[in-house]
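What follows is chain A paired twice: with chain B in the first complex and chain C in the second.
Right after this comes the complex of A and B.
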């Protein structure tokens, strides 16, 4: 057992309340009243508590935008860099220290517009990282410009280069080789929490697209709009069958419904990885002489 | 007879003719024979196959001062059919390009498989010409085209009266190919012997006893290494404790990625080929955030893509070593040509004011030792540390005694990392604590008793986002105060050679050897000149440089770029006028360039000398005219 894991185990089980320490106090949270991200925050705390994660072993990487602020609204280590970069920082962190619980929290613009290059390849690389996308169809922080998921369910017959149709995050994930593809709705945090918990236990990259309405800038995809359309995936769905997953999405589309739950889950066999050495005493042990000898 | 002192150039068609195979073979053998090799001017093209490639080697029994000048003692042309402009004489490409640099009395070896080429003009200059039908020998006699360059190597052995019994060659071949079977070794040795025989027959036909050059093995007192700047800096990084490397394929930095992929796992580390330049640097920052010493390497175009993360590293105070093996820009520029054009990019690139350190090693030895320094500086100052090499230094190979590396003591200073016991002792942990030095304690995630909040947005001491004017002021000052601390505690002044009260040549990075070589040549001409060479470029150490440079009568910066970027930095910080000798045509700066430039400036004809021909140099080999 590695040092970090031993440290983790030595730590006492923490209470749900502990998630409010080392965090911005609730009354200073800068989300609009009714923001879908509150639901994500509540669900995330539930899932972390259920899985007995401790704040010091948690690393949250936040995207740019309202959604990424969530990292400061609960206890745990947090990193926040460039727009579109969150998954790549998370990838490096998890590769460096597999003992950390790494989760990435970002919006649909961050993940599917400026950060799509990272999303696609992280699906392939499959690090044990959970990504929650707070999908609201707009860039809220910059006052409501359209994101790649804008237009969901809208009855638009003519499109333009300026205003293209939305694309499907779940299908992109499956095409790119994501091994855990799920969807949740922040209007139902208890159900979301179950999905997050499953995603965090997945031995690979787990993507959860969470419908998280922007109450200020998206007047179409509202809570009520989602409530009429979301539907839990039937219990008999075979999540490990990729064809069944595609068929499920097609079926929901035909019925103009939005699936909630795990659409696809199929963990890969992966090489075991160890925490990379960091302390001077470990690094100084390295004998580099054999490297020189190659050049004789 | 010239013994153990010559410059030899091997040229041919990229990939097919195996130019680098020959120089690698020769270089390795000469190294083991106790001679020094310096090969810093390799010319190749950004194609896989077909372009002209060449690789000049300076060979000496003492460490060569620099690559010197273009003048050649021996020219070896491996190509037999690559000049489409001369259908009747298709094997003249290398000769047309390089024979004009041959010294009078030098030696030309070429592949005569497609016929003899006109060399009367060369012969009139006393150049001894050796046509070797190497391709034909390999194809027709040995039935293996690929050994044609070994035929030529054998010929060289006879010419230089070196390893004629093939002892060195045999042991090297055995090392490399014994696993693949004896036949390959025998085939290569046979090829070498055939080349030797051909040269022998030319010598006897011409009645020459020798060619005026000879290489004598020297006793090797200690193991010597033949290695490139990229090799040295990669090993320096591993020795320094780098355990995460990320890169995206780019010339001339790909060799670092390949080295790290092969060797880093043996040291418990990981090397990642990013899907793009941004994923590379972001993943490296992610790894560094967890406490792992991390590095990325790239060249100009890749660095341009990474610029956004300079600010992330600086603002989040996440250490990162960033190697920039400069090549000629802008845009794609000339991927296979060297330049010193990225100084402003690393010193100023990115929005806002980013604390950062720029180091520019001068030699392969520096690439190793300064890399260890780079990692300690990155840890201490928690900012990007740029390691500015260039194509010539990165890919250039040189013989260095192994002891230079093995005796270099490696210090790994990670004292800015806090441990669980520190947290227990000190209580409230603040990642961005305001301190006199500007340096704050770094927490490794996973440490019991503490969490960090890190962000590229402005933040308070705890890392929570803030735009409060008082907090903003304190944090900006804290971050940039680290650079003052760096100047006080760690920045190194320029290295000074010779008197500094008259004419002083200023250089940075890889030009040091040629500056010192030019200094010697100028002194020999009776022109006294000092050299100030900088490796610690940024933040600029005004206090160390200004008083010394102010004493000089004339300052001349010698740089591989158009503007004289470092000259501008000196003018800005030292308030001293700096004249310039600049070169940006893709070729290395030669001793003659500096002599000519100094001469022009001393005759007061100009303040800026731009090296290189304005019009194409006519390349002519006599057609027997």
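Right after this comes the complex of A and C.
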């Protein structure tokens, strides 16, 4: 191995470890054993390591739910706001400081119930923010009530106002103008990590709907249930063709399968953003020597 | 007074929590539409309601909405169309519904809601605090706090009876302390359906019913032309509620054979008391225990537990408080920047006392915020300060009890 390569390798090792530092010892992981969110955590670490993101560059905005807890289990800047508001915070943070890598980590309840208007309009606005939805079909943290994605794959012929059918997060995203639409499965973290890495590099809003089974409250959409149905999107799929994306979803539906991978990716042409020129310039002017002195 | 109705069905006893008692009240009141959005501790009521529906014991429309805002809007309009409704939330969930909450009284919707009292969250607290429910105190909601599961069940039935009286038609929120009441069980007497049916007639919206045969507009644009008159109508309705409440409790006692005494506030060992503590909700348990212990040492401390916060029994309470040498208001809430930087209840008590002939000094204790326990030693500390004040040794107006310095 050349010296240069060894150097890169050792840096990567440090970087992988960096994601655990501070995080785990301070925050004992509170998820149930077997929770799908563990797979998302593992995949996220892999993706961040692969892209060599450092903790100080990252802002994780957590939704309210079991899923949003993930921000405590990774080293990095984190923000915990109100239920349904995560994407609005992410949008604000990214606009104020475009240098931040902003990722939003939220549940299906947070994103598609109370926060659905933020989801739809962030799709329209297209900020450079990644969203991972840990889709388990239930409000896990509040003990398993049905969320808007509950009922996926169930053989129910009659619905009611009280128990409506689930909707498709991917279709909602595409309808709302999302420019990167993908799906992953926490039972396959290596594949998820690849999707997350692609999403993080997208020049716009990137949503990844991750099937993340709630082993405690969703006894229908289990790991095994998903394993029988998930299927990687064929290599020849033209991700930049919106019609092809719709057709792909219809085809998977017809075959009662669930697509994994990038369904649609089409960066928008955008005006150069006018951003608040804060941070960097202000920091350059600031005299931080006395501050450092204080902590010596 | 009406007699206890002879019934083939018997009163039963069951070990249930405050939340379960509220769900049982919904069943007994034969509520038509219930909506929910999960949040602790209100979600426990949801679970019991769901169980009753699933078991076929409660026949109602039960919608788990997509947010508290939709939740309260759905029942509001179901009520306008003639359905008896139940709703509720906790902490930030209640606040998320705020727009719907503000317009409910003006539309004269007799909704009954349960607020599983919870701190207003950030940065992460789920324990009891009363600021959530108190936020609607100026908006035309009736507000009542209960102390145990039996009182929760009874008060829910009473709330329907008062709210749905055509002279009132205002919403009523029942404050139930998170965890201490929502999650703790006691043996509760569950009345037979016949008694409840005799006490609570069907909901009749009369001329305000939204129905094709009764074409009306709800919430038309009134602007400055009529808004003041509408506010005044609400004000009159609240005043009528104050008169009606004792009457309803009297009927309740006649049918259910349970007597709450003064419906507005409970007095505990006050006959010969020199000083009294005054508070709302489940703090009454440690307060009463401490009082019993202090009485053995000859310290004459009493307790007043306020039930109805809106309508507020100002005159009656002021007259009662005039009997004591000092009053200690225990607030499980806080009002930042308020007169003298006190809790909400303390300000209300002082306002009630102002026109009174006898005005004892009022001390304010901020205690048990965010679910922290109000302990027996806390109560003793507060009582000692009151006794000192009563004997002429001046004490600070506000004390945060049990706080780390």
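By definition in this document, the second predicted complex is superposed on the first by the 257 of 296 C-alpha atoms of A that agree within 3 Å, B and C clash if a C-alpha of one lies under 4 Å from a C-alpha of the other, contacts with A are read in each partner's own complex, and residues count from 1 in each chain.
The working rule: a residue touches a chain if its C-beta (ideal position, glycine included) is under 8 Å from a C-beta of that chain, and two chains touch if they have at least 3 such contacts.
Being a predicted model, the structure only gives us computed values, none of them experimental.
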Touching A:238 in the superposition: chain B (first), chain C (second), both, neither? neither
In the overlaid three-chain picture, which partner chain does A:82 touch, first (chain B) or second (chain C), both, or neither? both
The answer to whether chain B or chain C touches more of chain A is B
First, second, both or neither for A:296, with chain B first and chain C second: first
Classify the contacts of A:90 with the two partner chains as first (chain B alone), second (chain C alone), both, or neither. first
Should A:146 be classified as contacting the first partner (chain B), the second (chain C), both, or neither? second
Touch check for A:288: first (chain B), second (chain C), both, or neither? first
Give me the intersection of chain A's contacts with chain B and its contacts with chain C, in residue numbers. 80, 82
Which positions of chain A touch chain B when the two form their complex? 4, 7-8, 10-11, 22, 24, 55-59, 61-62, 69, 71-72, 75-82, 85, 88-97, 99-100, 117-118, 121, 273-274, 276-280, 282-284, 286, 288-289, 291-293, 295-296
Can you check the complex and tell me which residues of chain A touch chain C? 80, 82-84, 113-114, 116, 139, 142-143, 145-146, 148, 161-162
Looking at the complex, which residues from chain B come into contact with chain A? 31-32, 223-227, 231, 235, 238-239, 241, 243-244, 246, 263, 267-270, 272, 275-276, 278-279, 282-294, 308-309, 312, 316, 402, 405-406, 410, 412-414, 417, 420, 444-457, 463-465
In the complex, chain C residues that touch chain A: 36-40, 43, 46-47, 61-64, 66-68, 92, 96, 121-124
